[in-house]
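Just passing along the structure, written as structure tokens.
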């Protein structure tokens, strides 16, 4: 059997921590044949470490060696590289968020269609066991009425990487962390069309000097992204969403969850719990055991490869990732925001 | 010392469960001298039970016997009776919500000012020990950024009284239950001006036949109020509020809480918890003991009497109750609501 | 509407603690018109206490005053009184166990059929909220495979009444306490025919002098009933049951439960829990809320009255109580038992 | 000092996971001098891995190199190899269960006696710290009355190896897993003679297609062993045992325990707890610390070696293992079983 | 049978809350025939309430009506009344502490001996179920080495009665509360002779204005007793005691306990726990059930009556209470104390 | 930048487990240039293992190669080596306790002053995150009133090393383990002058044969140190301390803690908790997150190096360690001690 040839563009933390190990675990159906990185030394070291035959400085040189690429660069370069890949006839698995703006995202989808190549976005939360379980029991929840999304950390601004650089990343806690739970919530709801979006963004805490921060130090003066965001959405199926994300909230404990109250039942994703009615009783159910892998990167990589091979449908469709980006744009542009 | 003469108008559950016992406990500074109820039999029975000298069918007959009244009728009659009381030169403690609409509320305030008599609204959650404690530590929270309000019950539509009658009550879970936590949140924030309000109201569950309900039976066909409401607000001080209330949500447990993340710290009211930063540490504090009474009705009654006597400032000012009603109106009128 | 006239025969603990209060709560459909007790003083005191018009020494005198009787005497007299009642044309609710032996039980059923009057046995555990819930979800358990019954107390031999008197009661922990859980288990299983019964009975502990006992003192010398029993049963539907009951076990905690592992799922009755498979997941469910009354005596009394009035089917059918007694007989007679 | 020369026959999971590491830890008193396996490649790889000098395909070739063997083959070959070993003058530590049938077991014991060599069966649960502790406190339990054995797993049919092959293993959950706890219970009781055995075996769940299984996949069509077994036993000392084992039960949690209620006290083995009476009080005791090793394989190996050297008595005597096999036979043959 | 005639001297909280109810429960062996109180109105009211025939202002008038008295006055009057009672030939149960000073205590004991009447001191902690259990298992603790006594409350200075009045009570937290646990500890140890006592007393907190206090208000200016005390003692059997008591400590939770580490085992009294060694294991035991009454007042009263009747030995002997008072004196006089 | 050259004297457990790893982690500011050990083979092996250039048998040979030494020998040699190091012009970080007696300690301090070199004692508990946090919040505790120190282990006499050798170590549980918590408590209090010290020492348990011991075996006959110590201290600021340490106590659980009740608040160090008063409420606070390293050895080493370089003040000043040794001497010499 012929294996899909994979290229990795950008070999930083997310590439080495999630995508490369996942493709290596799937060595019966794919092989990583090339890497590229603007830092050619890092590219070469990584290639050597994982025994990968090719390492390039320029991603354009990588395309001929692969059938598909996994894009792991700062957000700013997602659109440009994706479109170049499609022009070269290569499938794309792109890290989230899709791109810096809705317009870029639309261009990516158009390029995908024109090239007739797969475009997947790495919203890997969907591949977690709890998320898969939640999707399966949405029939017991019925029509979603109220959706609550919390992606909250207490004083954990990332003190490394480019996370606090608006130019490279396009935003802060919302575009980096909140986007995952937002995408998950929309997917569980069935990606209904949003009819209203209102939001507020903050960076009050992170602009203060001498902040206590659990995840290392950052420069409060150059910090120019959001560290806390609230939003409210209405959808054409009548649902409404209460949304909150933060890197630096003054809260008791970190929280990352989606919970839904529907017309027939309710659920929480993390931990997975189901609230139902049966024979006149109210029941709370929890998972004694869920099928699936601990690391969501592996089923994500498998689904991408299978889609490239034409034997599976994508779990994260580009139109769905597009909606996430569109809502993020709307929140950032919401009236009264100062960021 | 002369005692304030109190009259009770409407002798149903809230009168007998909270206000009459509270005034009786304060017998050193007040006495209940009269009751009235449209059901004169109930009025007489109640008068006999508590040894109160006068019982009337018409509240107009009651005014000459009292210095102040406590209005415990269905919401629809709050404004009319309040204004009549002021015309009769009598102070008013009116049950929440203030009235059915913002316009009625404004008329009540105007009448109060014209008569130069006290107008208090019975938002008794403010007098709970945890709420008093929270108000005192707002200096450690600093500027409020994000406020979360949850007033949620699982399948507990009141199966008695007039709670599901829109004509008499003006609404359902929001005007009856959510209003308390909304008022509490606004008070803790310092009642900043709201600059945007958006909401969604539901009665999907309660309109279905054969609903499981923990609090007795109700007629799903005549049910015409909200059983679940979400809302989002922005305030001129930059804060935003995520709000949810329900009588009938598909959730795990009932929840009644306000939590705030501010620029300096955070808090939760029920249970009372404080999240602060000190010497580079992050601390969580809980109450080992809080001063105050278990029953908030007593300090509420005392504050009202003291205000009538001119020796204390009202805790719940009419302008603050007015803002609650204004926001409730805005939520009920929010675009797209079908109720 | 005409109310069913109820007579109570034997006015000891179970009559005053469960049956009389239950019938009094149902005063819209029945009235207690007579009592009898071999202790005529106790009968008269009780009649006065509850304002009941007639008190007799001889139960035969009672029959003309009533439509139905509730028999609360020691077990030895159950059969005789029941048959006399049917001869007098009176319905019978008889305390458990049905009688001292299977033969007596058969005679009771025959008399009931001949008189065409209702015969109910007071296995009130079936009317508990958890038991009702369990019965309703047996479809999710599927074919019962293994049934576990535990009715165990640690050192709690009843130190009062006639409980340790074999002549009057016919046995000890099994006939007094274990019978309830055995009946419940059989009912949940659908009362399949038993094809094998084997058991062992003990009174080792209670025959020792100076036993530590939480429920008062008893005479170890005259103690002549079982204080601990194990049994094993097979049923024609392939199920097997592991059974244990005790008044005096050396165990950690008291236990009273039935749990079932079936072909499709499993359940525990106390507390009510359900173990199921769904979409490839294993779920544990618990009750957030169960409908029904705290006191099972009230629905038991109502079901009896409704059956007498011909408007409901009995929940505890005499043939089912008969099976319980038949199995108890088989256990007591099991090879090798010394009691 | 001369070290005992050990040979390992069959180098699969149990050999590499328990026995080889245990003998290696005891390198001051023994050395592994040879391995054999029907798969000679696996034998050689394993020999190389552990630096063992000899690897054979045929176990007969191994005997000259050793003083004692540890038999780790499928159950079917236990008797044949054991007898061959004794014929070769070699001591035997044989994995549990002893053999496929009581007759084979008897032949093994006879061969052991004739050769005057040690025959030990690897019921390693007895060497666990909790089991050793329980054995020591049996004097506080007194005469055992009721013994409960639970060896239950929820949906964990082994999806690897030969566990579901009746021809090679002789049975399923009972012979593989339940036998350990049954042996432990009998040992704690003092191995009294059993006077009655009745049981029921099931494979209802595992014969259904598409079963949810936590331990990998298996073929439900070829599955021909028990996945759930209940049994009841009586003993000549008056004790009775309620026994249950399963690989695939619909239960809340896995359970592996023996608990005993005796004439003087009670105990639970896992976790170790003791229920006693003292000065008129009822006490529950738990272990703050137990002596012994975490891995029971080491004291098991040491006891075997010491017995071979004649300096210790065997903990697991062959007559005791024989009783376990006899009871297993009786359960499998119990009237009405369909397997 | 003749009943012991009991008189109560001082009818405040401790008389009505503990002693009168206890004697009333023992109506088969005693009757309360007289009360006295310096407030004759209170004496008469109380007599009427409990249907007691005689009420006096002067306790001297009471003696002729009784066989025994229970003294419930402020501590200052214990010695005087006790001695007067003995002069009148009456037995005495005196509330703790015995008296204000060791000298007074010695005079009480001397008077008791001279009159040959019973003198009991109401150290009722000894009659609690946990204390009785602890005393019984001291044989498993062996020689006591280290004894820890904690009688600590967080900010609970009694805001009523005469507790903060040094003239009437002789001290504060030590003489009122700590004395109970000190007595209990000494009794468990077997009342060995103390060879060294060193202590420190505080009232730092209670002398500050505006203290937060859970038990009402008190006047910090007139407060002149100890609110916190530490002490250290050595005993002739080699034991040492670490002692602490407080009404107003800045601690997490209230604590009232005695724990002992002995040569063979250890124990905690509240809750009752035992720490032992057995067969090389370390065990922790807790009570599943303890014999005895919830209210220690009843067995205390019974022991006093039985001692008066000469049919039982006193549990709290006057010499033991004397030692408590002697140690309290030594602590109060310890070098460097400012109180 | 020039790195400080470190020598390690004595390469046993504490050197390899704490100090060498700590200095290696600080390789940007120091390097280990030499080791010495009386066992030259162990010195050479260790040097090889960590790639350290010099290994000596005699510590005098080591001095020329280093700027500072870390002394990890048995306690008996601390003073001698420290003084020799100062004579050689080398800084000293000496393991605790400072030395065997107060006199030796004084000589060490004098030598340090004369040589003008740094003398630090490795009381590393002070560098734990909880200890640092506690020191910072002492302002909220206010004047310390009562200090409780518990350094208690249940049956854990060290069965290795020289811990039970009085000649080499100078004592047992107090000098080895209790000294840490005593030092920590004194530091938190601000090292006030002690005005009274009384103590008791035990070795009752460890002198008995066949003791159960969790930490290996020891010879009860040669055991000649304390295994349990209690003490009481008074300080010139009015505080008192209740102190207890043990290797072998009959207690429920091991405990290692310092707790303080002060005039304004209270604290516990392990876990870190704070008990305060605010706005009339009593609050309990716990750490949600504390800054600092898990391993206190690293900040301890860094503070020592920085002090040698003159850029930081020592955290553990020699005068403070001197006070610890002085108190230990006083406890060992306390009247009545038999050890």
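To keep things simple, chains are lettered A, B, C, D, E and F as they appear, and every chain counts its residues starting from 1.
Throughout what follows, a residue touches a chain if its C-beta (ideal position, glycine included) is under 8 Å from a C-beta of that chain, and two chains touch if they have at least 3 such contacts.
What you see is a predicted model, and the numbers here were worked out from it, not measured in a lab.
Undergrad: Where the contacts of subunit E and subunit F overlap, which chains show up?
TA: Common neighbours, subunit E/subunit F: B, D.
Undergrad: Would you mind reporting the rotation angle for the C-alpha fit of subunit D onto subunit F, rounded to the nearest 5 degrees?
TA: 120
Undergrad: Going by the average position of its CA atoms, which chain sits the greatest distance from subunit A?
TA: Looking at centroid distances, E is the chain farthest away.
Undergrad: What is the chain whose Cα centre is as far as it gets from that of subunit F?
TA: C
Undergrad: Over half of the contact pairs shared by residue number: find the pair among C-E, C-D or B-C that meets that against E-F.
TA: C-D
Undergrad: Between subunit B and subunit E, what distance separates the C-alpha centroids? Give it in angstrom.
TA: 50
Undergrad: Calculate how many whole Å lie between the centre of subunit B and the centre of subunit D, each centre taken as the average of the chain's C-alpha atoms.
TA: Spacing between the chain centres: roughly 68 Å.
Undergrad: So the centre of each chain is just the mean of its C-alpha atoms; given that, what is the distance between subunit A and subunit B in Å?
TA: The answer is 43 Å.
Undergrad: Where in subunit C do residues touch at least two different other chains?
TA: As it turns out, subunit C has residues touching two or more other chains at 154-155, 212, 214, 252, 275-276, 280-282, 284, 288-289, 291.
Undergrad: Judged by the touch rule stated earlier, which pairs of chains are there in contact?
TA: Chains touch in the following pairs: A-B, A-C, A-D, A-F, B-C, B-E, B-F, C-D, C-E, D-E, D-F, E-F.
Undergrad: Give the list of subunit D residues in touch with subunit A in this complex.
TA: Listed in rising order, the residues of subunit D that touch subunit A are 154-155, 212, 214, 252-253.
Undergrad: Where on subunit D does subunit C make contact in their complex?
TA: 141, 143, 145-146, 148, 154-155, 195-196, 198, 200, 202, 204-205, 208, 212, 214, 228, 230-232, 234, 238, 240, 242-244, 246, 249-252, 259, 261-266, 268, 273, 275-277, 280-282, 284, 335-336
Undergrad: Contact residues on subunit F for subunit A in the complex?
TA: Contacts found on subunit F: 288-289, 291.
Undergrad: For subunit A, which residues are in contact with subunit C within the complex?
TA: 133, 136-137, 274-275, 278-291
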